[in-house]
Amino acid sequence: MSHVKVELKKEDVAKIKEICKTFHNNPGELINVLHKAQSFFGYLPAEVQEIVAVELNIPVAKVYGVVTFYSFFTMLPKGQHPISICTGTACYVRGAEKVLDEFKRILNVSVGETTPDGKFSLGCLRCVGACGLAPVVMVGEKVYGRVSPDGVKDILKEYE
Amino acid sequence: MHMLVCGGTGCRASASDAIVETLNSELAAKGMENEVQVIMTGCFGFCEKGPIVKILPDNTFYTQVTPADSAEIVAEHIVKGRKVNRLLYTDPENKEHISDSKHMGFYKKQLRIALRNCGVINPENVEEYIARDGYQAIGKVFEMGAQATIEQMKKSGLRGRGGGGFPTGLKWEIASKNHADQKYVVCNADEGDPGAFMDRSILEGDPHSVIEAMTINGFCIGATKGLVYIRAEYPLAIKRLQIAIDQAREYGLLGKDILGSGFDFDIELRYGAGAFVCGEETALIHSMEGERGEPTVKPPFPAESGYLGKPTNVNNVETFANIPVIILKGAEWFSAIGSEKSKGTKVFALAGKINNVGLIEVPMGTTLREVIYEIGGGIKNGKKFKAVQTGGPSGGCLTEKHLDTPIDYDNLLAVGSMMGSGGMIVMDEDDCMVSVAKFYLEFTVEESCGKCSPCRIGNKRLHELLERITKGEGTMEDLDRLRNLSHVIKDSSLCGLGQTSPNPVLSTLDNFYDEYVAHVTERKCPAGQCKSLMQYVIDQEACVGCTACARNCPVNAIAGDRKKPHVIDTSICIKCGACIEKCKFNAISIQ
Amino acid sequence: METVKLTIDNRQVEVPSGTTIYKAAKLLGIDIPVLCYMDLGDMNIENKPGGCRICVVEVEGRRNLAPSCSTNCAEGMVVKTHTMRVINARRTIMELILSDHPKDCLTCAKSGNCELQDMAVKLGVRNIPGQEYAEMSTYKTDFSPSIIREMDKCIMCRRCETMCNTVQTVGALSAVNRGFTAVVAPAFEQDLEKSPCTYCGQCVAVCPTGALTEVDSTPKVIRALADPTKTVIVQTAPAIRAALGEEFGMAPGTLVTGKMVAALRQIGFDHVFDTDFAADLTIMEEGTELLDRLTRHLNGDKKVKLPILTSCCPGWVNFFEHNFNDMLDVPSSAKSPQQMFGAIAKTYFADKMSVKREDLVVVSVMPCLAKKYEAQRDEFKVNGNPDVDFSISTRELAHLIKEFNINFADLADEDFDRPLGESTGAAVIFGATGGVIEAAVRTAYEVHTGKKLPKMDFNELRGMEGIRSATIDFDGLPISIGIAHGLGNARKLLEDVRSGKANYHAIEVMACPGGCIGGGGQPLHHGDSSILKARAAAIYREDAEKPIRKSHENPYIQKLYEEFLGKPMSEKAHHLLHTHYFDKGNKDVFI
Amino acid sequence: MAKVKSLADLKKMKEQLQSKVDLREKGEDPESRVQIKVAMATCGIASGAKTVMDYFLEELDKRSIDAVITQTGCMGYCYAEPTIEVKLPGQEPVVIGYVDVKKADEIIEKYIKNGELVDGIIPMNYNTIDNQ
């Protein structure tokens, strides 16, 4: 997993410690801790994982092993507007791949990457559960249904 | 009076628009346009017999109506009040005409047990659940005792709805017999099958049924703690479940001394983080313990050594949702529903190229045909049915010849698919089955935990072989390798993921072998899906030489003089499709 | 004991319940092939993730194949280990593993000693179908001072992970990523150097392939030997002589001291010395430090820290620098024998021989990979010139002997050179767990009490138990001693000391299970603890046969103090033979 | 809220709640209220159910129609989201699909005010355990 280096501010460190504390520094709660930390920072840089490891008294290699196991966790900051294309089966048979290709083409990034200006990041997810609207695209929290490759431009326009 | 005309895609394709028009004009002719209103409705879900016209308030149901029938319906039914018998639905069993849709077979195809409260109650209000007999089952269980309840569960014949179909009562009995100072009840809500969302719908629509069932489970096996392992990607379900837990605590339905029974039980949430393999119970347990969600060899089963090494019973959301009703209505009631070895109902997320995409619940033993054509309303856009995929990445693609198979655990397994968690994806003639198999393998490769070699490497190799075939680089030996590799992966993988991941390959090899052969020997994709096997060709007759295609080609693969037919250099063409879009003369086609 | 009867390959066997199919088959003389499985016998640790799936067998009535290493026998079970189905699965799995493994066997460090290679031979794999287009998982090769990680060769057996985490509790390695890219790596897939790795080498010792190997220093040694301007001397650690023979087909526990010395001379070392000499020196310094601290403690000095911890094991030093950075003043400040030897060689001996420091090359033969790192530590260099130039492992020495065309078995015994080759029985037992502290007790007792030891053998300090303790009567003064081998045990013992739960005057810690005889640089023992026991017995045998068995009686040690050092812990001794420790904890993450 | 202390307590509470619901649902009283349920599961919300619900809340109030608007779970008609169920007093409930703000306005004006059915009705296609 590629990652970026960051310098954590004092209050960031305090925040991570506080999160660990709410879970009683219990190593069994590692995944819950990581969820909280990611929702606070938006991603899980190495520095955050190191503090979590120290607080929960587990090897940082193990924290990293867990972070890289679950696709929900990321070590890369997401774009300002994270785009997720549902690649569940229902969306797939209704053309999600072509929609994804169009996003890749227009943004000129591949899945898991962020545009150089930090505006959009592109990702895939498996089944939002809105199969009636397939293919589905999410930008941030907003769901777009029945998206066609032609509609991609219009979606992106909303965020310009 | 109202006349409801089906406006579903299927019926519309058979001229229901025209029916609305002719009905309106007939009514106008009779001067009744103000008394009778013609309404276009959503799909009735009976496209085989479409177009449908239903007359309210007497509920008369006309099938296979044509615009030409409008005059007769208006003249006879509306004016004279006599039903048009020839258009009524004929019962296939006794050949009798049935006029009231309430008495028609297909309307009884669905039976909502697990979904009984979904779309009926407000999930954020415990009182609405209580008003519908909520939490009475737990009261009854306290009176019956744990042993008797487990007996009831066994007698009901309920099997795990997460995919494997293990008898729930038996699972409870094993967990109850293992002694320990602490036991756990776990609800598996990590619905990872891409294309299944029934568990999410239940948690969003009826969270208390799961809470009540987990409490019952806890009482039966002697566990005081429950954990729900839920996908972090389901924020609404998490929110509603948390509200429900809080309300249940407030009403004393969770916590200490529930209903004065002396039994304590409480529930905590644990979040999944996006790993399909965590649907496997040992992997799920490791994930709850803060570890990588890798499965471990069974035995020991969770019932002996599960969460934190304690006896643990894991059931999924849908299984739990069935339980309060079984307790209240009795095992006999439940076991009367369904097929011989699979009792009760199953919820399916019906999706894909079908008209009525949605969440359905049918008794076990319902046929695929009934689900697809009568409930699902048939194939979208009037296309031809090709395959139905059940069981998600663990299941297989079934075809025309399987349509009359009654759906249950054993039948689906016998035809090379499986129940799985209940995804049901319908595919039409435009879907390439090699690509579909490749799609599922891509999923498995991404979701394999990597612990055992057959799954970690084997699925990757299967995917590579499929990739070669869809690119037209496959050989007949590759097809044999696909089959052998699939069998070995199934036979030797550590957990359920690997043991089922080749099913999409094997079932498509079995049912669509010709399609594979076409990719290999003719280098052709019969469904026209595989990009590498397509060629863009300009029809020399139709092309007028407008140059629009050549100007829009991103790689300059099109040449030709103005006003003269153009030609595509297929060695340069990247098959982006831009030329087809720009051609106003339909001169470009894919071959 | 409860037993079960079962049939394996048509033969009946009765085994205690809980026995695995693999072990039951072994009783019948059936060798089911295993790859990821590792049994650490006495340590009560089995690595059986059930991951490689090479050991699968057919069990009647079971749907899929069962991993024999992790499936327990059951009453009436019928097992078949070599049916067509099993053979095909096994071979296909092997082909899969090899399809994701580099094919550079000829130049691989593990060639000829590789479990994967042996398995390919055993299973008769002759080609790898589709390897020309099979994608391989690739990773950056990681060169640390001691260990090379070439994870392209990793087959995910997870043995290293078990050693690093379960046995050693170092936690440098974990499985990371998922699926095809899953691999065992340090955090953030950084180099080992940036991890808490202690270079104990236990991961290398168990790796079945060439994924984890030691840094090969033999080319540098050969170059030095060929350089006429250099005087090249060699020191050999006590544990080498008890294990080197295994590399030449001799039985474990064969003592080859004389042959080893002869071989080293044939290779061309100018002087063949013994690290044992330095071990005696260590006892003088460490024993004096112990007595000094003890006396001050008994006199009520509150500043003095007890227990004193041995510090001859570089893996252990690395471990406490990382994990017990609050206790850096507790271990003895005495350098390890390897470094004491180097320091004395490049001063006392160099002066004696009138060789300039830069022209004297000190090579050490160690059972250890951490010694490579230790030799490179900056504090052990003078103007950039290290006290010990190159440290090679027992395995590297065996390679060197073979490469130098020496028929090891036929060599006549020879003696070490003087003065740095003379040693006592006390020094020899440094190689086994408990040996250092026993040697220290032999000297400290006599120095402290002024009396002759009534007996030389302290059996209460010997053995293979992971954590041991004993009280030795120092003529009325009870001295409480703790011993741990394996870093996991050391952690436990130290945590008890840190929390005040345990109190000792002195503690010996060896990073490797069994002590140096089980070191990461020794011939591979594959977890067979009987090999470790045989090596330990050999060491104690040599001790018993030595004319002098107490370090302070070594005449050359006495001479060294007379001529050069003065007395133990003198200023000169302090300068040359003592060191200090560094805080390598992850304190830097706190801001 | 007092805790439910026994099964008898629970049953009593159920009776009370049931009669309250019955009164609301059966609508003996012609003046009784209109009931609207909006399917607010993920698929519903994704297709705009929240906006529709807010619209109903606001508009029915503005137009002085006494109605109870509640959220509920997925009705199963994912293809026709957002879906709502409208029950006029004394009548069978009607499920209407593809409801947007415009449609909602039509439903209020035509169906709720005048009992005229509108396009987009979805036939209810399942049995419940209650009428089994």
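To keep things simple, chains are lettered A, B, C and D as they appear, and every chain counts its residues starting from 1.
Please note the rule applied: a residue touches a chain if its C-beta (ideal position, glycine included) is under 8 Å from a C-beta of that chain, and two chains touch if they have at least 3 such contacts.
These figures come from a predicted structure and were not determined experimentally.
J.: What pair of chains is linked by the largest number of C-beta pairs in contact?
T.: Per chain pair, the contact count peaks at B-D.
J.: If you average the Cα atoms per chain, which one ends up farthest from chain A?
T.: The most distant chain relative to chain A turns out to be C.
J.: Round to the nearest whole Å and give the separation of the Cα centres of chain B and chain D.
T.: Averaging C-alpha atoms per chain gives centres 26 Å apart.
J.: Can you work out the whole-Å distance between the CA centroids of chain A and chain D?
T.: Inter-chain centre distance comes to 36 Å.
J.: In angstrom, rounded to a whole number, how far apart do the mean CA points of chain B and chain C lie?
T.: Taking the average C-alpha coordinate of chain B and of chain C, the gap between them is 56 Å.
J.: Taking the mean of the C-alpha atoms as each chain's centre, how many Å separate chain C from chain D?
T.: Going by mean C-alpha positions, chain C sits 73 Å from chain D.
J.: Going by the touch rule set out above, which residues of chain C reach two or more other chains?
T.: Chain C, residues with two or more chain partners: 175, 177-178.
J.: Mind pulling the residue numbers of chain D that touch at least two other chains?
T.: 41-43, 45, 77-80
J.: Going through chain B residue by residue, note those that touch at least 2 other chains and give them in order.
T.: 197, 200-201, 234, 275, 292, 294, 351, 357-358, 446, 449, in rising order.
J.: Name the touching chain pairs, please: which are they?
T.: A-B, A-C, A-D, B-C, B-D
J.: Given the complex with chain B, which residues does chain C contribute to the contact?
T.: Those residues of chain C that touch chain B are 48-53, 56, 64-65, 67, 70-72, 85, 88-89, 92-93, 96-97, 99-100, 129-130, 133-135, 155-156, 175, 177-182.
J.: Considering only the defined contacts, which chain A positions touch chain B in the complex?
T.: It is residues 26-32, 34-35, 65-66, 69-73, 87-90, 92-94, 125-129, 131-132, 134 of chain A that touch chain B.
J.: Mind pulling up the chain D residues that touch chain B in the complex?
T.: Its residues touching chain B are 1, 3-7, 9-11, 13-14, 17-18, 20-21, 37, 39-43, 45, 70-80, 85, 97-98, 116-123, 125-129, 132.
J.: Any idea which chain D residues touch chain A in the complex?
T.: Residues 41-43, 45-47, 77-81.
J.: Sort out for me which residues of chain A touch chain D in the complex.
T.: Touch residues, chain A against chain D: 128-133, 136, 143, 145.
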